[in-house]
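After this come two complexes, each holding chain A, first together with chain B and then together with chain C.
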Partner chain A sequence: MFLGSSLFFWLLAALGAAILPWHMQQDGVTVAGLVALGQEDPEASSALWQAMAFGRFWFWPVVAAIALALPGALPAGSAARRAVFLLWGGGLGLLAIVLQGMAIGVQGWSWPWLAALFGELDDRQFGIGLGGSLAFLGCLVMVTDGLAMRGLFKGDRFVSGAVGLLVASIALFTAWPVLTMLGQMFTPRGDLGIGASLVERVADSKIWGLACVGSNVNCGVFWNTLLLATCTATAATCLGLCFALIVTRTQFPARRAMRLLTVLPIITPPFVIGLGLILIFGRSGVVNQIVAATTGVELGRWIYGFNGVLLAQVFSFTPTAFLVLIGVVEGISPAMEEASQTLRASRMRTFRAVTLPLMVPGLANAWLVVFVESLADFGNPIVLGGSYGVLSTEIFFAVVGAQQDFGRAAVLAGIMLVVGLCAFLLQRAVVGRRSYVSVTGKGDVGLPTPLPPPVRVVAFAVAIPWAILTIVVYTMALAGAFVRVWGRDWTPTLSHFQRAFAIEWAADGRMLFSGGAWHSLFTTIQLAAIAAPITASIGLLAAWVLTRQRFAGRTALEFSLMLTFAVPGTVIGVAYILTYNIPPLEITGTAMILIACFVFRNLPVGVRSGVAAMSQLDKSLDEAAITLRASTFRALRTVVLPLLKPAIVTALVYSFVRAMTTVSAVIFLVSAEYEMATVFIINRVINGDYGLAIAYCAVLIVLMMAAIGLINLAVGSRRLGRRAAPAALPAGGRA
Partner chain B sequence: MTDLPRLTGAEVRLQGVGKRYGQVQAVKPLDLVIEGGTLVTLLGPSGCGKTTLLRMIAGLEQATEGRLFIGGRDVTLLPAGERNVSMVFQSYALFPHMSVLDNVAYGLISSGMRKRDAHARAEVALETVGLKGFGARLPSEMSGGQQQRVAVARALVLEPQVLLFDEPLSNLDARLRRSMREEIRALQQRLGVTVVYVTHDQAEALAVSDKIVVMRNAEIAQAGTPAELYTQPQSVFVATFMGEANHVRGRVLGTAGGRADVMLGEMRMALPDRGIAPGEADIVIRPEAVRLRREGGTGLSATVSRATYMGSHTEYHLTSAVGELFAVSPDRLQRARPGETVSVDLDPEGVIVVRP
Partner chain C sequence: MLRRAAFALAFALPALPAAAQGQLNLYCSATIEWCQPIARGFERESGVRVNLTQRSTGEMLAAIRSEGRNPRGDVWWGGTGDPHVAAGEEGLTQPYESPRIAELHDWAQAQWRQTQGRTVGVYASVLGFGFNTELIARRNLPAPRCWADLLNPAYRGEIQVANPNSSGTAYIVIATLVQMMGEDPAFEYLKTLHGSVNSYPRSGTAPITAVARGETAVSISFVHNAAEEAAAGFPVGHAVPCEGTGYEIGSMSIIRGARNLQNAQRFYNWALSAEAQLAASREAKKLQTMANRNVPLTDGAPNMATARIIDYDNARFGASAERRRLLARWDREVGALPR
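For the complex of A and B:
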């Protein structure tokens, strides 16, 4: 098995350092350019050649470290001796690659003290390319191999490598950008010092101001955000509970249709609801026109601001709360309620004294999930917020606005991060107490108690109108795609679709995608399709490592993985442009930055669905495979993966669909070449071109439903005889 | 009937093997030799470390101290797949997405055998456990007992030197347990493989084992043949774990000529000398050694507090000067009644002095 040997990875590192071009090539790599030894241009050369021919001495440590690792990579000698070489060689190699990358940027030395030490450098370097990446990967695996040879991870190289890869990718694509961004808080502004400008930024009255109490002015964005998130979470949780009770505890005929509601937030592009509300309640909306026509009262712009954003968010996130609460209500053992009733409690008393208290941790969880989503939400506030600023939109305007104040963006992002983390930690604490939801493994007997009549009445009275309203909003939103100008010219038309998705035949018979939206649509589908399998495989690998392996630092790894979920999208977006604008990883403007963003934003969903599936999989199944002489990898491939098909579907669908509908992070990362659908739509919205925006949204919804169906088909279902295993979509955030 | 070839069961030798999870000592360093071709049971209450010990032999857990030899080869650091052992799991761990035949052939294909040969061998293994013709089924389409046999066939087909069982019968009902344990024993004898068998059921251990290792609190309490453990337990724990036993206190007055002079309440008995020094001693009395006499006995005086008719015998709870006694008596017709005073004699065969 040469492909899995340490020697293979040593050769990879050697190839990266000696043969392949080290830096990123502006015009892409040609086949001839792959052999970068003896090139005329230093930038197109390998590290070794740059050091030898162009006097770039900072590559010598890299080359030396890789050479040092060779005795460890050869399959001879004692494991202990080989481990020493691999650890030192690989470790020093990683260090040398990182240090030389950080030390020299596009303008020479990155830090003044280096210039003082080595003198002015009459040179610069670009971002790391193919060679550098391979060398990094090779060194990383050599280190993990060395660790496995030292007996860590039960001596399992595969596990060790997987953990190493996970740690490195989290460090590179989450920790480093977030820290870089937080560092921006400390950049001096004007002639103020570091401390003074930090204080000035943090103590900004635009953030903390309380002027709205008692007067008609807006409060600081912090309070705006907090108020909005609290109201949204409370309303959505109450509504979600009503829906969940109806679906699980009544014989309501439309129960199944109501369950479909839970799929909506997954496939809805982020502006559909905002647009729908504008078309109903906006200045030229249906309601406003009817009211003006019948009573002559102008309702005006009330939908823009707190009211509208709150309404839109409640519409958007109620299905999420609903999904979480279905599980909570279903998880309550009927036996407890039956016990209560045999103890002569009335239905109402049973509900108040048993059912409701049992649901409290679940309700708290749903509340916090919605709170975090509202906090991170960007689509609704940007469409409906008007002058009502929240953190996510303020960050956006700090970066793209005239001021280009990254320091301010960093401070706002830092505040958002802290609030998000607090909610996240609180949520873990709530769920960590095992919520009382009974998972005994024993089959529960008994029937759930019917709802007491008063509760039933309230649930129906709240949920039914809301469900109808939701349908109206969606219908209106989609209807907007088929009329010429909403509110003024109601002529039915397909012109919006035509402008977006026109196809013409050129003179030579070729198809021309002349519609304005084709480019962004193709890009979006392509990038989402690339990102989805990567997300799913890394996520499932992480899930497997976390549930099946015991090693030092496992909890820390799990925590940091889940932490990436708590970082709001806007924060990640700002962090990515700040970090990847400059070498050593100069990927701004490429497809890579978008893919990385999708993968690491959606990773926790893959991990969660994997962990959930894996914990239902008897651990002795993999152990049986291991005792039956299968390698760890074979056990994973032949036993674990086939049994995880539902989780794979979930992870694939989720990461694909979320990659297509996300906006908060990518809005910072798109470029002319790689434009995403959501960003295209938002630009149309900002220009007031609602028709085209809505037409595009409609197409996206249809596409995503098709994608979900396709992926379900492609992966197939597990063959387990009579038992059926439905794929469950977990609740997850969008932003 | 075609059968798998006879195997050469290897000796398993543990030298100071122990396992520690952080602060918790799951298995204290212990020495143990399991002879080739024998069936040895690890018996003990839950949490005593028996399963951890088995998993260390399997290679699913790494010993944190000591060395482990299988057939003379040091396997301490070898992963599970390279130890030439097979394991039957408590849950059977049959791969639910593979047919029975694919399950049994899995290990052979992992070891690099061609699929066709592996399937032929798997057929033989299925026949060995009496499941000829079931290969195309899925595990979920078989009964618990049949699944158990598939698990055994899957382990046996690799012709391991050592076969490990982790509480293999705990998911079966009582009747099936009896017949399966006999089948496992017969198979082991027929194929000559070394078997290490974990259970918490002493009846199961007595029925199948050449040797039983009783474990308690992460260490070996006593090891020996079933008869040794039953008749010569070295501690109250082993005595009470291996069948019912009354535990009372008595005195060893002195030893002479291979006999120990023991005082039990008012009663003086001569018991085999087991090297217990004179003084206070723990004494274990098997219930079947307690003989009741309703009239004119000369033994301990006791009062019947409860009498339970059990069909083939009667069970008594007695209150005596040495403490509560539990007795099993074959008399069925002339039962003593609660409240009645009886005289109790003890059969020296069933009275054992153990170290305090």
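For the complex of A and C:
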């Protein structure tokens, strides 16, 4: 098979280096411009032609390395000899591409010491484009092929290539920007030296202070954040579990509606929950007024600070926990529970000794995801925090506030990363290396056991009030779209929708989208729809590699995949423009930077849900396929993927929805051409125009509901067991 | 990676906006309601295509700083003056002398001279108090008129002011008090005030939003913000302190290395004209005082000529070392106090 040989990727690299235009083209590539040999403009030429005709010597190593790899790509000679050529050629090619890109930028040499060494360079280059990307890709795959031929990854080219791609994309779009940002830690401040500034920034009582233990003063932001994240993660995981149990294990009539309800907070742009809570529990809120009128007790401002932020975060992140848990609870094979009951264990004992332990990876994953989300959450603390500061708000204001100290932001971001790392290690220690496999290839698995009565009661007692509260908060919040002044003048009106989504008919009968919100809405849908499948496929590929393959550096890869999640959006946003505003990857102001940001910020949920689902699938399933001579890729496609449908849905839904609702990172990356809905909404909120903002939110919510429905329809649900009747299989439909 | 390469093909290619003639990359840090009339007004006037990017002042400074080696914007209009001054200190903006400088108010010209021509004032906002009229009536509180009134124990737990570590507005409060009272008395004042403050939110506009929604009775904020909440239908009153008060200057700078320098200068001159300032601020219903002397005041706007406005020392209080010193003192002496 042509695609199956290294020659294809060698040709790709050669095409990228010799024929296609190496750099990014300002006005796009025309068909004529694709052949970039012999072009008159050096910027429109291929690497080879730039080196030959325009004296750009720095491309010779790239060309030479690719030429060196040719003997390895041809299907002749021993595998060991070919591997040597592929490894050296591909490796040197990657090195040459990276080095030339880093060393020579828009103003000649990028580093002063290069100019001192070689003299001023009278030339420059912009970011890499089509040719450069293809050459990089070709060289990368040649290296992974070479590694596989040397017997690494059990000689499996597909696994080796997948790991190579994951490592390269994580290095490019996560590690590089985060390290660039953290490097800011060492910028000297004022008249202090590098070391003294660093010490002063790290050893700050505003971060580590413990004054709150004894008196009524705020503690350091580190302790605030830790306390908040722990409480939020624990509460949200418990709530998420209650909902997941009710939806999958009871015949509760409204359980489909419950699914919708728990998804609602995820698809709500930030600020809305916080503002809704203020309308209910705030000092002038409904609850306070009722309590004051009936009992004369003033409840005051309890919603501001830790209490309020905790409440809002639990609202916001319970759905995340639910989404991670539902796939897990559905995936628990009833066979083991039936076995337990056959052995005369009571329902309660079965639940405690079989069901609950089987859910441990899911619970730990959900806890970790919520913990890290709470770390990085910005919208809720800013609305409800009052004087209660957390790391994410401190970082935001260190960058954009009155301090204007990038170094401090970098130190705080570093602390946040360390906390994220610790949570990750803790979670691994808890889940450990035990087996949680319950979906095996062994035929019919029976019906899920109903919940034991005490668990049932607890689940309902917790979930029902919460669901009602959610409905109330949302009604209060969404009412803002249909009344004149939210929280003040409750006269019904549709004028906010009119301002945002007006459509006019031009004289020639064309439709004119004259409302102010259309442009950002179209851009947002388009970019979110592009980002979601990429996130899902990279995430599930990563999950598969992490759970099914054993290789050196697996843990490091797993952690780096989770990295972006522990970094608040603001840091990612600033890190992205710091990194991608200059060559070699000059993508600021394009749609690509937004898509990259969405994909790599939301990747962790794709990975986590994939890992959680995958660790329940018996490895013998794919081994059976491989024994039957299916290729690794085919086993993945025909056996593993269909069993992963809930995880695929989770990853798709989550990344689509997050791409549409994320704010803090995107606010730095939007440009006039690519404006996002959330940034538009935030600008309205800042301006006090809640009516239009909430009207827009309402439209987004409806759109996302529709999108979630479509995704569910397109992916379908997995069928475990042979009983087809949906009534008998509560795991059947997804909302 | 294959997929990513396909994206490079589909999307990344039209990157790097062409340095063609006839366009301007406008960075705007006012509200979008104000930015849009500015952008459209200049388009109508000049035929130049304006690419408008709107971000808050702090976010914009962070963006301009990150883009320093490869600037994307041409001119930066609006937003509080300190970040503009900071950008000038770091060499991110370039000096320019407009023929219209003489038409401007003294405070706008002073800022332009103090920054060696890198930044010019385009509007000014006066610092004052906002209060919820209904809440004050319900609790029988007097409406605050002077700085000294805020120390009245009746206001205990009713006042909000932003945290100066994060909010430029709150920093201007400190700088104003220091200039009016002297540094030590100013900090004594802030310490006493601390007992009445119910929280120091992170954002500068949070206190006035809280006032509008009845979450707190009194806030220290810009007068125009209070007036805007009132215009939106909330029971908000405002006052300019009787002892005098400070102000912020909404500023404009040309970014160093601007790709469309000529258009940037053309915009700069246009934005300083009385017609442009009048039209855009009326369309956006803004209450700030415009920099051009020939722009009449909007109804209900605080008059900088009659209000007792202190002679704000931008050079001293805009400098980052002085800022850091005052913020550290606030943290030590006020922020760390128990309540």
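Convention: the second predicted complex is superposed on the first by the 439 of 735 C-alpha atoms of A that agree within 3 Å, B and C clash if a C-alpha of one lies under 4 Å from a C-alpha of the other, contacts with A are read in each partner's own complex, and residues count from 1 in each chain.
By definition in this document, a contact is a pair of C-beta atoms (placed from the backbone, for glycine too) under 8 Å apart; a residue touches a chain by one contact, two chains touch by 3 or more.
Fair warning: this is a prediction, and the values are worked out from it, not measured in the lab.
In the overlay built on the shared chain, the residue A:284 is in contact with chain C alone; chain B does not reach it. Contacts of A:389 after superposition on the shared chain: chain C is touched, whereas chain B is not. By the document's definition of touching, of the two partners only chain B reaches A:623; chain C does not. In the superposed model, A:123 makes contact with neither chain B nor chain C. Legend: residue contacts after superposition of the two complexes on their common chain; A:587 is shown touching chain C, with no touch to chain B.
Touch counts on chain A: comparing chain C and chain B, the chain ahead is C.
Touch criterion not met for A:504: it reaches neither chain B nor chain C. Contact with chain C, but none with chain B, is seen for A:578 once the two complexes are overlaid on the shared chain. In the superposed model, A:305 makes contact with chain C only, not with chain B.
The intersection of chain A residues touching chain B with those touching chain C, taken from the two complexes, is empty. Residues 58-60, 62, 77, 79-82, 85-87, 89-91, 93-97, 106-107, 110-111, 138-141, 154-155, 158 of chain B are the ones that touch chain A when the two sit in their complex. Within the complex, the chain A residues that touch chain C are 24-29, 105-107, 126-127, 129-130, 133-134, 136-137, 140-141, 165, 168-169, 190, 206, 211, 215-217, 278, 282-284, 301, 304-305, 382, 385-387, 389, 393, 396-397, 399-404, 406, 484-485, 487-489, 530, 534, 537, 574, 577-578, 581-582, 586-592, 595, 667-668, 670-673, 683-684, 686-688. Considering their complex, residues 151, 154-156, 618, 620-621, 623-631, 634, 638-639, 642-643, 718-723 of chain A touch chain B. The residues of chain C lying in touch with chain A in their complex are 1-5, 7-9, 11-18, 25, 31-33, 51-59, 61-63, 65-67, 69-70, 72, 82-83, 86, 135, 163-168, 170-171, 198-203, 205, 209, 212-216, 228-229, 232-234, 320-321, 323-324, 327, 331, 336-339.
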